[in-house]
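Below you'll find the structure I mean.
Order as written gives the chain letters A, B, C and D; numbering starts at 1 within each chain.
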Amino acid sequence: MIRLLEFEGKELLKKNGFAVPPGALHGVGAPVGAGPWVVKAQVLTGGRGKAGGIRFADTPDQIEAHAAAIAGLTINGLRVQEIYVEQRVEVQREFYLAAMVDRDRGRPVILACAEGGMDIESVPRDKIVECTVDPLVGLRDYTVNAVVRGLGADASLAPALAAAVRRLYATLVAEDAELVEINPLIVDGAGNVVAADAKVILDEDAAFRHRDRKAVPDGTPFEMQARELEVIGIELDGDIAAMMNGAGMTMATLDQITAMGGSVRGLVELHGVMWRGAEHIAKVIDLMRTLKPRVLLFNVYFQFRSLDTIAEGIALAIGQAGGDMPPVVVRMRGVREPEARAILEKVDCFVTDDFATACEKAIALSKAAKEN
Amino acid sequence: MIRLLEFEGKELLKKNGFAVPPGALHGVGAPVGAGPWVVKAQVLTGGRGKAGGIRFADTPDQIEAHAAAIAGLTINGLRVQEIYVEQRVEVQREFYLAAMVDRDRGRPVILACAEGGMDIESVPRDKIVECTVDPLVGLRDYTVNAVVRGLGADASLAPALAAAVRRLYATLVAEDAELVEINPLIVDGAGNVVAADAKVILDEDAAFRHRDRKAVPDGTPFEMQARELEVIGIELDGDIAAMMNGAGMTMATLDQITAMGGSVRGLVELHGVMWRGAEHIAKVIDLMRTLKPRVLLFNVYFQFRSLDTIAEGIALAIGQAGGDMPPVVVRMRGVREPEARAILEKVDCFVTDDFATACEKAIALSKAAKEN
Amino acid sequence: MSILLSEKSRILIQGITGATGRAYAERMIANGTPLVGGITPGKAGQTVAGVPVFDTAAAAVAATGADCVLSSVRNSAALDAVCEVVEAGARLIVLYTENVPVHDAMKMVAYARAKGCFLMGPNSAGIISPGKANLADITDSRTRPGRIGIVSKSGTLTYEVMDSLHAFGFGESSVACLGGDPVVGTTYADILPLYDADPDTDAIVLVGEPGGSMEYRAAEIVRTLGKPVFAYITGQYAPAEKRMGHAGAVSGAGDTTAMAKMKALADAGAIVVPVVTAVGETVARHLAEAA
Amino acid sequence: MSILLSEKSRILIQGITGATGRAYAERMIANGTPLVGGITPGKAGQTVAGVPVFDTAAAAVAATGADCVLSSVRNSAALDAVCEVVEAGARLIVLYTENVPVHDAMKMVAYARAKGCFLMGPNSAGIISPGKANLADITDSRTRPGRIGIVSKSGTLTYEVMDSLHAFGFGESSVACLGGDPVVGTTYADILPLYDADPDTDAIVLVGEPGGSMEYRAAEIVRTLGKPVFAYITGQYAPAEKRMGHAGAVSGAGDTTAMAKMKALADAGAIVVPVVTAVGETVARHLAEAA
C-alpha cells in the first residue's frame, strides 16, 4: 500500500490525461504562472483545510508567509512533508469521483457524487452512485453513463465527464492503483473538467510492472526498517516483542498473549526471508531489540522449511548481544525440531514446542522484568 | 465480408505497426527506391505466382514490360485489378502466420507454421500450430509463446516474433477483421521480421467503428447492385428469379424448386428493406428483371410486418414494366393477407398462400416459357 | 411446461422507448406475455404499455425481479447491451439485432456462457412458449400450444414448420430460434436436452442450415435423447461459398453442406425430412407408428 | 471421501522444473499423491520425479487427463499461469504465489469463477486430503486421516488447528486453505456446502481473520448446514488498520473486526472458539455431548 501525497497523485493523473491546476513544490523555482495561488500542506491525512493547511495567496510574499506557517503544522499527528503551490482555479461546479479496488467484492468500483469537496463519508449513502466493473468485460458504456448520471450535471457536460470516468478507470488499472480519488473534480470558469485534488494509493505488489516507481510505503521508523529487511513489522506499546511465521500465526500469538493478560511491544512476521539464512534472522532480531521489549518471544511452526536456520539465527543474536539481551522464549515445532533444539541448548533461552506454554512463560517473564 | 487486395492489406498491416517492403501501385509515381523490384498482380485469388502474376524486375524498363504482361492476365477467372511494385526483399527465413475468426468455435484463432510461402492447405495438419484465444481474457503470453514455438525459429528471433504475434492479434481485433494472413512472414537479410504478403478480410458489420473505410465487397454486377439496394442478391444460371424474406426461406425455396425439378436464375433476400416501402421493392424487382428470368416468384411470410407493402411493390413493378414482364407467381402468408390479395387482384399474376403450390406453378410456367 | 420461457418469466425490453421496443411491449401486454418493465438510459420514471422504464438493467432487475430480456438495440450498441443485462443477472436474453460485428458476438457469447445465461442470437427471431409468453417476432395467433418442441437457426422458416405441424393437428411446447449469425450464444446442443427433459414435449423438430458445425454437435446429443428428433436442413442446393444473408449459411468446406449434415443427423437416429413442407406429415406418420 | 481432492485426482505442477516445483514433485511422488505431470514452457520432453513435463497446460491436460494444478510461479507470471490452466480445463488450482497484484487477482478470480474452477489463492497454503493427495505446503506426516473438515484463510494457523485436533484423537477429511490475500478465488461459502455434503466429514472447523466480509457470507451458509461448524477468528486484538503480512488482514471498518465476525458466526449457530489452542478440546466436548 503506497500512499501518494497530493502533488505526486496529480503528477500521476496528469500523466494519464487529466487536467490539473498548474503547480509546483514550494522552493522549486518561482511560483507557477500569475496569481492568485493556493498554498497546500502535503501530508497523508485529511482535514487539511480546517487545520490551516490550505491557504490562499495573491502575492509571492503571501506565498512565503503561508508556506512558513504551514511548514510548522502537525495535522492529525503527522508533520507536513512538503508544501505545494498551485494556481487557484475558478470553480463553477464541484463533483466527487473515485475508482478503487473493492476487496470484498473482488472488483473495481467507481464512486460518484453530485456534491464534491466534502468528506465523502459524511455524504448520505443514497446520494452516492456506486458501480462495480466486471474485469472480464472491463469498463463499458452502460457503467460510464450510469456514473455520469450520478454526477447530476447538465447534458452539455456529459461527454467531458464520460471521458473523465474512462480516464479514471484506465488510470486505476494502468497504474495498478488501489484507489484514485478526485475530490473535488471541478468544472472551471472556462468549462473545463479539472482534478483539483488527488488521493492515490498504489499496490506495491505490482512494482514489477512499474520499475521506475520508487516505492515509499509509510510507517514508523521500526516498520520502515523491518520493510528494508523484507519482513513485516508492527509496533505496539506493550511488553513482549514477538516473531512469528505467517500472518495467521502472528495475529493468533497477539490474541493468545492478550487473552492471557500479557501485552505486546511489537510483532514481526518473517515468512519469506527464511531462505536468507541465520545472519539475516539475527539482523531482524537486532531490530526487534531496538523496541526495548521486556521479553523476546519466537513462535514458529515450519512444515516446509527446517527449523535449524531460525535456531541458528537466535543463537547468533544472543551471542552477539552479550549481556544486553532481554529474556528469550522460543516455541518451535516442525521440520528438524531435534536439531534446532540442540543448537539452542547452547545459549540462554527457554524452549518449548507448545504454543500456550510459550505465551505463558513470556508473560510471566515480562511481569517479572516490570517489577524489577 | 470485405476482401482486401494485397496492397490494401499491407497498408493496413503498416498502420498497425508491421514492417512491409516499400512499394506503390504501378503508375502512381516512380518505382519506390532502388531495384531489384517485384511486380505483382493485385487480384482476389491465390496461385498468382504459377499464373505469371508475380515477376522480378531489375530495371524500370523491366517493370514496365512485366506490368504490361500482368495487366492482361485473368487468374482463376478473375481479371487483374491493379499492379503493385515493391522492393524485393532478401529472404533469410519464411514462416506462415495468420489470425482469424473461427466461427465454429466462436473464438479468434492464431495459426502458425515453420514453413511459409506455400499454400497452407497443402501443409500436413500436424505441422500447423493452432491456438484459440478466449475473448474474456484476450491474447496472453502463454498463447504468444506457444505460437512462437510453433514457428520453430532460433531463440534470438523469439522476441521479434512474439511482438509480431501480438501485433497480428491486435490488428485482427482493432480492424474488426475476419482474417489477417501473412504468408510468408519473412526474416530479411538484416534480421528484420517483414510481412511479405497480406490477405485480409474485414467484417462489414463493423463499419460503424471504421467510418473512414470504404466498404468494397465483391461479387457479380447483379450482386453489387443488389447490395446498393440493401438487399442480398445471388446470381445462378437457371430459370426462375425468386424473392424471399429471411435467409432460411431463401434457401428453402431454392431447395424446394430444385427438388421439384425446376431451376433458379437468381435469389433476392429482402429482409431489412421492408420499411423502405413499395417503391423500393419495385426497384428491387426491376433489378431481378435484369437477370432475364423466365418467371418471377415471390415467396413471403410476414409475422411482424404487413404484406400490403410487398403487394404494392409487385403491382407497381408490373404496371411500370408494361408488357415486358415475365409471368409472376406470388405466395403470401401473414399479416394483412386479405388486403394484400385485394391489391394483387388488379394486376396479372398468380397468387396463392401455399409454398409448394407456388413453386409448382413457377416451375410449370418456366418450362412452358422455355418451350416457346 | 415449456423450456426457458413460461408464464412465470419476468420480462424486460431493452430499448423499450424506441419504435420497435414500444411495438413489442404493446403486443406483449395485449397477449398476456409477462412483461414487467423496460430499460432505456435516461428515461427512468416513464412508462410504456403500462410498465415502468428504468435507466439501467441493474435498477430494472432490482425493482422487478426480471430474469428475461428482449434486446432490440442498434448493432453498434449490442455488445454493451448484452453485457449489461448479463451482468445484471438475466437468465435468458433474446438479441433480435442483426449485423452485429463478429468480434462483438464472440465477446458477448463468451460472457453470457461464462455467467450461465442463455443468449439467443445475435440475429435471433426469439423464443416463444405458446399461450404463456412470447419473446419473438412470431405473432401469438400463428402459434398453437402443443407438445412439439422446435429449435431453429432461421426465423421465417420456423413459420413454415409451424404451419406444417398445425395442418396435422400439432402445436408447440416452445419454439427457440438460435439466430442466423455464425456465432450465437445458445446452440442446438444446449436446447435439445431441455426439450428431452420437458414432460410436456413429445418430439423435437430441428431446423438447420449449411455452414458451421453446430448441427454435428447436435447429432452427438441426438444419440443420447429419449424423444424422436425430426430434422430439416435448408440449403441443400445452395451454391457453395455464397452468403445467404444469414452470414452463417456459408457452405464452404465439403462436410458443412446440408447434405452431409442430414446424413450425420440420420446416422445419429434423427428422422430427416427433405423438404420443409413435409415436416407435419412426417411427424404425424412417425408418431402414429410409434403409438 | 474428501472434498475437491482425492486419490483419483490427476495433478500437474505448473513450474515443475523450478526448485520449488521440483521439491513438491518429489515429495508428492514419495508420499503417493497422484502427480501426473508438469508444465514448463520450452521444457517439453523432460521428466521430473518420473513424470513428464509439457510446454503448455493444454498439451499437459490432453496427454494426462489432469484436472488439478499446483501453481508455483513468480508473482509477475501468476495471472498468465492461472488463465492458462483455467482455459485448459482445470477444475482445481492451488496458487501458492504470494504478492500477486490485486488487479491480477481480480482478473484471475473472475475468470476461474466464470469457468466453474475452484481457485485456491493467490497466496494459498493449498489443499490436502490426508492419505489421498497433498497439494499443500503441509507435511503429509503432520496430517492424520479423519472426519473433521478444515477451511482456513491462514496456512500456519492450520498447523496449530491440526495439532489441537490430533491431541484429542481427531483427523481431517480435507484441509482447504483459501489464501491470505484479500481477493481470492474460492471462499468459505464455496467450501462449507462441500463438507456438509461429504459423508465422511462429521464437523467443520473454520479459521477466519479480520478484514473483508467473507466470514459474514460464511455465516449465512452456516445457518443452512446440518453439521456443526467450529469457528476460530484470529486477530481479536489486532490493531486497527495495520497490515499483517496477509494483505487481507486489515481490520478497518468497525464491523470487519474479529470480534464482530465471531458474534455473527455465533448468531448463525457456529460454535466459536476464542483461542486456537482450544479448538481440539471444544470439538471433542461438543461431539461427545451431541453423541
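We take it that a residue touches a chain if its C-beta (ideal position, glycine included) is under 8 Å from a C-beta of that chain, and two chains touch if they have at least 3 such contacts.
According to UniProt, the chain labels map to these proteins: A, B = ATP-grasp domain-containing protein; C, D = Succinate--CoA ligase subunit alpha.
Note that this is a predicted model, so its numbers are computed, not measured.
Centroid distances from chain B, each centroid being the mean of CA atoms, peak for A.
Interface comparison, B-C versus B-D: the higher count of C-beta contacts falls to B-C. As a whole-number value, the distance joining the C-alpha centres of chain C and chain D reads 42 Å. Between the Cα centres of chain B and chain C there is a gap of 28 Å. If you average the CA atoms of chain A and of chain C, the two centres end up 53 Å from each other. In chain D, the positions touching at least two other chains are 107, 111, 114. Under the contact definition stated at the top, the residues of chain A that touch 2 or more other chains are 134, 136-137.
Partner chain B is touched in their complex by these residues of chain D: 41-42, 55-58, 77, 79-81, 83-84, 87, 107, 111, 114.
Chain contact summary for the complex, chain B toward chain D: residues 134, 136-137, 140-142, 145-146, 149.
Against chain C, in their complex, chain D makes its touches with residues 114-115. Considering their complex, residues 75-76, 98-107, 109-111, 114, 137-139, 142, 152-160, 163, 180, 182-183, 207, 209-214, 234-239, 242-249, 258, 274-277 of chain D touch chain A.
Only residues 1, 101, 103-104, 106-108, 134-136, 173, 176, 178, 203, 205-206, 208-209, 232, 234, 236, 244-252, 254-256, 258-259, 267, 269, 271-272, 301, 303-304, 333-335, 355-356 of chain A touch chain D when the two sit together in their complex.
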